[in-house]
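Just so it is clear, A, B and C label the chains in written order, and each chain counts residues from 1 on its own.
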Amino acid sequence: MNETTIKAGARPSSRGNAHATSGGAYGRTRQFRLALVRCLTLYAVVFAVAVIVLAVLTYQRYRAMILLPNGLSGDVNVERILFPMLFVAALVWQWGFFATLLCHGVSRRSFVGVSAIGATAISLAVSMVIVAARYPLIVLGGDVRMVCAKAIGGCLPSDMFKAPLSEQFLYAWQEVGSTQTVCDGSTCSIEGGTATYSPMLQSGWLFMFLKFLSLMLAATALGMLVGAVLAWAAGRGVWTLGVVAGLGWGLFSMRFDMAYGVAGVIGEPWLATWLIGAASGRVGSLAAGSGVDFGTYIVWIPLVESLVLFALCVLIVSRLTSRREIRPGRGRLG
Amino acid sequence: MHFDDTSGEPLFRQVANQLNEAIIAGIYKEGEQVPSTTEISTAYRINPATVLKGMNLLVDRGLLEKRRGIGMFVAAGARRRAGDDRRDEFLSVEVARFVAEAKRLGIGADELKAIIERGYAS
Amino acid sequence: MTLAIRDLTKTFRKGGAPALDHVNLTLKPGIHGLFGRNGAGKSTLLGVIANRLLPTSGVVELDGADVRDNEDAQGRITLVNETLPFMAAVRTTAILKREERYYGGLDWAFAVRMLTAFGVEPGTAYSQLSLGQRQIVRLAAALSVPVDVLLLDEPVNGLDAANRERFYRFLLESYGERPRIIVVSTHIIDEVAQVVERAVILDKGRIVDAFDADSVASRATVLVGDGSRIRAFVEADGLQVIADERIGRLASVTVRGPVPMRDIPEGVVASGLGLQDYFIRVTGVTGVDGDAAVDPINRDAAGGAIGGAGDAAVAPDPADAVAESERRSS
């Protein structure tokens, strides 16, 4: 009862002393470190879930292809699955984890910083894993749907999963016509056939990775932005939240039609068209003989676009977060 | 001990009085240690600063003495002095209040005297 | 260790009434009671100190450093209020471990002892605890982390009388072991009257009074007796009337400060006030001039005029009284 010692740090697991050493340097405080660990933990869970989901889907696809080789279309589209997953993860982080962290002494500035670092980290991690898993299959199988090797004692389908938008960047240009040709090797050209393929670029894997990365960065950036906007709306009351959420959903379901429409009203829709076109990285196309369509893909364009989008989103998020509050009466929404 | 927030008497004075009574009653003997500020504070849910203020009142009166790093002890001769203090207080404060109230109610000195004497006789 | 609140104003809606209106307050180590009626701004004040709310103007400083978005300062401040920062599906030990990480330490012996005393097994899942037990977990965590500023907003909400008493004991023990700035806001004033060292009374966003709790009896004096006689006395001595209730000719007038015994006129009884009674009189509903011709039945039981009965009161603190009446008329 008469003990006067402060038992801070009594357990070996407790870190440092309370506040003497942190010095206030941004990014070096205990709170920043803990918030970052928390953010990375959330993304690690999302990553694990993503891997499991993709593995299950790919396995199902594999079973189906064993039964009916070449008989089924609809590979597992990695991009289409990962984009919304990362979007939702970033949104949940931005909206739902703010209160807990702020209540534990994490500053708004640190929260935004941690969000940006976490989003970049998960985007990089996912991109690396997907490219590392997919690229060897492409190299081994080319566009052939079966990989044949002694090591696996026969042939296996190679296209169980794919990242179609990113894979275009493996080539300077690639056939996107309707003809499906079975062909061997990484460079493929059928003499006298209907299609001509570009040889795979030497650093194509890098271009593929960068395109995938820019997609993932866009997903997390938009997730953060929507999360921050929803939190802002929730802070202004349930009605505002409802209106913003409804508006967002409406816009989403209309996809780009609305954007085109608005752009059309303001002026020529060429800017919107150009932006969306540029996001694909396809800067030129030509039609060769036999109705085969060739496109030219430059990875730096979507990458820069994504980085600009990311920076812009982080900026808006930081502005919204710097005024974000936890009002007791509003419960946990805001 | 019992402490009353609404009696109008400052709490620290109540603490001092209660300790005073305890010393008179011999609950804390001379040379013995009295409970620590924290102990009294937690046991009776009184702010430690208030407890300390009350104890210091007794230190000033020479009833308690501080021993650095150990605690508070009942001083030598404290019991007698505490009794004297209580007696002084009774005579100077309580009797005066009693008389004032009697005056207000229109009770004469003789009448009061008779009652007091009757009380002593019983 | 000083927490200084300077000219703090917080407005939630543009053009709306401020929840905090130019609050100035300096807190030193000690247990402080923060009292105010519903909507007085207690939670807002604590929220701003803990960086959960942002000030509209003014500043809160801990040892000279602005606490707004300041991680060094916020690492030394913790607030327990109705916002629940825990996810439900974790064990209480996991909650304590997290608090230990964020605040750089935890007094495990104290925390476990407190939880056990309240019948909470340290290993239980948070979601399986009752509302009161959850509150205990959060309080135990807050009392056990090595912070310099501990803010407890309605800490005993949801606790029964015995548990409230038990909590005050742990609070005092924790404070005795490690004196620091503790602020307790509560509506159950009588229970904490002895626990707090200083009392701060907040009303409509303004600090009405801040004083040593054990000197409450000398903050105000209730004079009971003949109305006209009291009124004459109050006017002659220039006393500031806080509250004024009367039934016919019998008046019960509360004036600021102590009144020397010898000054009190014949037939008038003077007495001090307990903390809760003082609080009620200082923050009571007003709007009626505390003067004669008012029908007593139509007046609120706790009522009375603050800031002066007519012209009679000479406020020792004129700025306060003026501001008070301005606020009231708006």
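One rule holds in what follows: contacts are C-beta pairs under 8 Å (C-beta built on N, C-alpha and C of every residue); 3 or more make two chains touch, one makes a residue touch a chain.
Worth saying up front: this structure is predicted, and the values here are computed from it rather than measured.
Participant: Give the label of the chain whose average Cα location is farthest from that of chain C.
Facilitator: Chain centre farthest from chain C's centre: A.
Participant: Average the C-alpha coordinates of each chain, average all protein C-alpha coordinates together, and give the chain whose average is closest to the overall one.
Facilitator: Central chain: C.
Participant: Could you state the distance in Å from the CA-based centre of chain A to that of chain C?
Facilitator: Computed value for the inter-centroid distance: 50 Å.
Participant: Let me have the rounded angstrom distance from the C-alpha centre of chain A over to the C-alpha centre of chain B, please.
Facilitator: 76
Participant: Mind checking the centre-to-centre distance between chain B and chain C? Centres are C-alpha means, answer in whole Å.
Facilitator: Computed from C-alpha means, the inter-chain centre distance equals 31 Å.
Participant: Give the residues of chain C touching no fewer than two other chains, as numbers and ranges.
Facilitator: Counting only residues that touch two or more other chains, chain C contributes 173, 176-177.
Participant: Where in chain B do residues touch two or more of the other chains?
Facilitator: 38, 42
Participant: For chain A, jot down the residues that touch at least 2 other chains.
Facilitator: Within chain A, residues 1 contact more than one other chain.
Participant: Considering only the defined contacts, which chain C positions touch chain A in the complex?
Facilitator: Going through chain C, the ones touching chain A are 12, 43, 47, 50-54, 69-72, 74-79, 81-87, 97-110, 146-147, 153, 173, 176-178.
Participant: Residues of chain B touching chain C in their complex?
Facilitator: So the residues of chain B in touch with chain C come to 3, 5-6, 8-12, 37-38, 41-50, 53.
Participant: Residues of chain A touching chain C in their complex?
Facilitator: These residues of chain A touch chain C: 1, 3-4, 6-11, 13-19, 22-24, 29-32, 34, 99-100, 102-110, 323, 325-328, 332.
Participant: Residues of chain C touching chain B in their complex?
Facilitator: 30-31, 165, 168-170, 172-173, 175-177, 179, 190, 193-197, 213-215, 217, 271-275, 277
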